[in-house]
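One chain, chain A, appears in both complexes that follow, with chain B as partner in the first and chain C in the second.
Coming up: the complex of A and B.
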């Protein structure tokens, strides 16, 4: 059984980034949580990433309230904060950055406001569907890897099957069938993204099952549940964390793809993908400020989730050493 | 041999599963009468609707419909496209519809995939040789950034900085592309190569990152193996060691990864197509899906999955030829 291409790529990417930074982690003393935090803190890149993500989440929650409430209700127009008050000929409402609108405007709306407002939906769908993806993938993969035999063969054929359909096609098909609401998108992205995670967890479970301590636990008469919960799940934690951060990044990228194709959330709800779609036609006219803020946001966000994932993985590994 | 046969059986099973999924999933959501109205128009008489349902076997039970569809599909016949039939008035088969689009897609995906393999191999190899030096770190970061940027943004930024700012390539592909017949298409595409520069770069950017990382890992695995050390000890020149003893064994796993990345390349091509207004399979799939033309969707899914299965199978065969351990069923689980 070969791993899926994405998985291999991810594994390579993660190990490359970790290796390039070097792993000089000293645990020291203190409670488990303190030690984990100390290890996490040593990774400055991850700290910066964490700060960025926290600011983004706080901004998404708080910032839209400053639009007098009008912004995120049915008529998202607030004259004080938008670029509508221009009378210049040929005006498209996409003004360049200025003192009043720091990142410019996209079709009449302040870009910062739009980014944070649509961040509510993008981040919300991203986090929730990553949770769906992880719970499905981990359960499925562990079941398949631990029980093995015929069940494993059947379960893995199903995963093979799903992975042979391009993810975006599957996503579009299910969105057309299930609708484009917040809940539907979350469920659909979560349910179409877990196949890779299942494969990864299956491989992890298979390798953990062969360890001496699991054999010892079996010899001592531990039940299957106990072995899974006490011995396999905690040891698979670092893999799960890495897979989870990738699931989050993937969910947000998938949402961007379908949003650009016009299948994302419908106004007055926005996600970053629909934002890209709205900005793209004027961007082609030469308005760089309609896409660059979103592009930077995307790259920074996906990179930071991965850096945070790396640091969390290191932290969890320290915890395991201590046990 | 037994290994290859069992892989073949797995591939066939996979395709069967995909066909079940794509057949039954839409059927749960789409009433056959809705289809009839879509094709015949809002004012169709109940009699005409019944006639339509009977003509296309839509009045039978689902398992029977599936059986008929499967038998026809095995003969390469995927039925008619209801949407195209409705707009053109005469029955248009799914195969006609796909056949008129497929060459454009093959051109768009095949060429850049080959190019990105050719780019990834030297980069990955040199990275592995200069492991943990500045060059390696820089390339790792570049690959990481490209990998985490959505395809849409890569394409849009390409359009802005190349097509608009310095006039390399074009903003979109000539709408005339639709009217070029399949036989004339290769010549047309070669003549209009300039329009394809940016779409190609877009697809290369999508796939090259993963391939490079994989090549690097594969070359790193090879570099520490005994035969490389032996070659060095025998006094072979570094170039000779690199090309003779490292390159070839590290290419074997690349075959597998190319086979496996077919679905993601096809999915990514969809985004590239829609940025550059290029009517290929991806746009066809999106349109067919959004208007509920599920016969086309089924055919496209089966073809794509089939391509993936064949790609993986070919990779298996090549790997088996190149690596005797696999042929004996050892070396992997």
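Coming up: the complex of A and C.
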């Protein structure tokens, strides 16, 4: 059996130099990554959310390859031509859930397949534009908060101005100007969403730059880059993670909003917003299964990102790792 | 047990056990604690942080945090058990029979409510009276706690009041319903010594007037000695010793009580003696403890202490202690372990020189459209030298500008006027950069939690100055970091730990190792021990003085705690409202102060000796430190000075010599002075 911590202290005290100066023992609890994972996995809701998001991403990447495959016996998506022509003989096109099509069919396509296929575009644009949002917002906010003074005042007034323009109007305007391709939508959504992140990061940087450990680094002669990269950025991580998960959710919702207005991707590409739009056209006619799977997916996905964000923020919060 | 549990007791706590649920385990924070308080009695509960003293107070109010609950025992108030009572019943007791003064006066008042209304509300919860009647009662209470101009203050908001006044409002709220028992949880810890003395006086007066029983929770043995009738000493969730105040200071039996007393530096006596420090840390209560809790740190521990946990046993007149090897009665060994520290002679070589240093902070940050001309005069015209190898202590109340002086020397603030020069700075490197000065001056900070980047391992933290300077790299750097760990008494395995895995005292040692990494000539220490418990504080102070002697370091030691400064400093500078009012050799400043402010500060320090404490004069420094936005004309201290005259209003005093190397800026000094021609 291992000696108790008390005995270790006692033994050290008896031995030589440490006896006069000993500060007691230090118990290790693993690397930072291990400690963070330990806190994260205590949040079961976040674990379930993580599993859901991973399945969704894997499905979006892999499933369309098997869309034409044996198991689902679904009509193929004809990527080359128009994707809304049923090629199966005698097939009515839409059917409620069955043993073969667990969530039913929409206009000749298996709903699960459609969700995964459109997920490629929704998730792709969502993640990429969230990255654009975060890089712009973090850089802008950190610069403004760290340098301060007149630069800060000017930068923040610009953000105020941009925030006073209704978001949807800004989105529609830029789409009209730049088009509706995958790249254009990613850039447009990314560039219209970072103002809030910039404000948040500015506040975070302002509070972090006043910390004693930053003062300590200054007294050692540390450069500005060193202070930002080694002392401010790593400690802003939990704020960034939270902001990032919200940015992802916001981007996917924004894309859906655009899709719903008919300004989204053009077939053969389509996203979750387009699906909602098409489903809502026909669900009042009795095709109830056209709307609920996509609506449920939306809610689950946005909730999941929030739960994961919560747990990641906790994991980054050092104080929680002590208990 | 003994007859301490009698019917006349107002409060009886019997075998109280409190358990907290943590994320991964349960912690028994308080275990088998029993005590009682009679009507009109003042019981002191003393111990280091984490010993469970606040938890016991909160348990009596039944206000434990959500994850804590009373897992065993009884709390009898006037014979009625409060444990398990429904909330509706408990509300009748809270405020009415038992009242609480929380620790932090800055956050305990509702910021959007006028203070008078807050007292009125406290009264009307238990009394169905009109607002007018309640307001009269509230005003009476505000006068009772000696708030000046109570009528005007009645309609003010908390932000308009200083910390001392806020604490008075909180006392007024607690006492407005005339409770029988008051639980005061560190009521003066956040306040300056002069304000602490005022607040404790108010509490004493009210206690006498209302025959109020008080449970005074504190870590300060000085407060215990001067204010309480009886004491419970707690350690790691259990009572270690209980006795009347005079007895515990005369005949302490538990080794922990002795160690606690011996690790507090004193302002009494001609010469400080080396502090007795308790080695190690308090036990981790999340892990099972075998035997006596204090065993690992006790110099008298035996095999018996490992086998069983001692229970409280009575010895004579209400004196109880939990120890198998108690100290013998009448053993006067509190300070026997400490050898007298010789008075060090200061060297002649000047290391740092401050010339007419002044710092004004503009009231508002610079923007495009804002222009603010008013300034806070934080440091005003300070001239002093720090000599090589000496420790210069800077004392003063909060707001005196002592921290700003430290920051100016460190280059964290730029002086408005005046200059700072370092003898060691290479004049060929003009202008002298932060990078170059880092090898001459370093700093240790007050808060060991805030001064270490939580995302870096200890090895990276201590290595950072070496990285920045580029002096040592790779294995050589690692070896140097290992050496530094040895020097500050940290085990080598802490190298790859993160700061949150270390205790507060250990973190402060990391801060010290980091400051020493570049072998600076001077370390600026801004309140380096004030956030540590007394036993850890003693370890740290001894370490600081050992390192100074080994390495020939200089310290600029900034602290509000006069006893700590007395212990470590060779010379002491006293600051008041941005001015250096007195500076001289430590023993002279403490035994024969020349400035009235120094005298008042010394008088306000509670002494851990009940006989001396009660015999001391009642002269108290009135009022509070004025605003530094428009400081008083002439002598800045004149508004609170007992000797102030017309001259003090009109003319700012210059320095005069009150002894060898002892300067004072006062028109009516307490000691004869000789005018000096040149400014120092």
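Quick notes
We adopt the following convention: the second predicted complex is superposed on the first by the 265 of 323 C-alpha atoms of A that agree within 3 Å, B and C clash if a C-alpha of one lies under 4 Å from a C-alpha of the other, contacts with A are read in each partner's own complex, and residues count from 1 in each chain.
Basically, a residue touches a chain if its C-beta (ideal position, glycine included) is under 8 Å from a C-beta of that chain, and two chains touch if they have at least 3 such contacts.
Computed from a predicted model, the values in this text were never measured in an experiment.
Contacts of A:102 after superposition on the shared chain: neither chain B nor chain C is touched. In the overlay built on the shared chain, the residue A:42 is in contact with chain C alone; chain B does not reach it.
Using the contact criterion defined above for the overlaid structures, shared-chain residue A:256 touches chain B, although it does not reach chain C. Once chain A of one complex is fitted onto chain A of the other, the partner contacts of A:150 are limited to chain C, with no touch recorded for chain B. Touch criterion met: A:231 reaches chain C, while chain B stays clear of it. In the overlay built on the shared chain, the residue A:220 is in contact with chain C alone; chain B does not reach it.
By the touch criterion stated above, A:306 is placed in contact with chain B alone, chain C being left untouched.
By the touch criterion stated above, A:284 is placed in contact with chain B alone, chain C being left untouched.
In the superposition on chain A, the residues of chain A touched by chain B in one structure and by chain C in the other are 4-6, 9, 12-13, 17, 19-20. Taken together, the chain C residues at the contact with chain A in this complex read 22-24, 279-281, 283-284, 287-290, 295-297, 301, 365-368, 410-412, 433-438, 441-443, 445-447, 450-456, 464-465, 468-469, 486, 488-491, 493-494, 496-503, 505-506, 509, 511, 514, 518, 539, 542-543, 546.
Listing the residues of chain A that touch chain C in their complex gives 4-7, 9-10, 12-13, 17-29, 32, 35, 42, 148-150, 153-154, 211-213, 215-222, 226, 230-231, 234-235, 237, 318-323.
Per the touch definition, chain A reaches chain B in the complex via residues 1-2, 4-6, 8-9, 12-13, 15-17, 19-20, 157-158, 160-161, 163-169, 172-174, 176-177, 249, 253, 256-257, 260-261, 263, 273, 276, 280, 283-284, 286, 288, 291, 294-295, 298-299, 302-303, 306.
Within the complex formed with chain A, the residues of chain B that make contact are 10, 13-14, 17-18, 21-22, 25-26, 28-29, 132, 136-137, 140-141, 143-145, 147-153, 156-157, 159-160, 164, 171, 209-210, 213-214, 216-217, 256-257, 260-261, 263-264, 266-268, 270-271, 274-275, 285-286, 289-290, 292, 297, 300-301, 304-305, 308-309, 312, 332-333.
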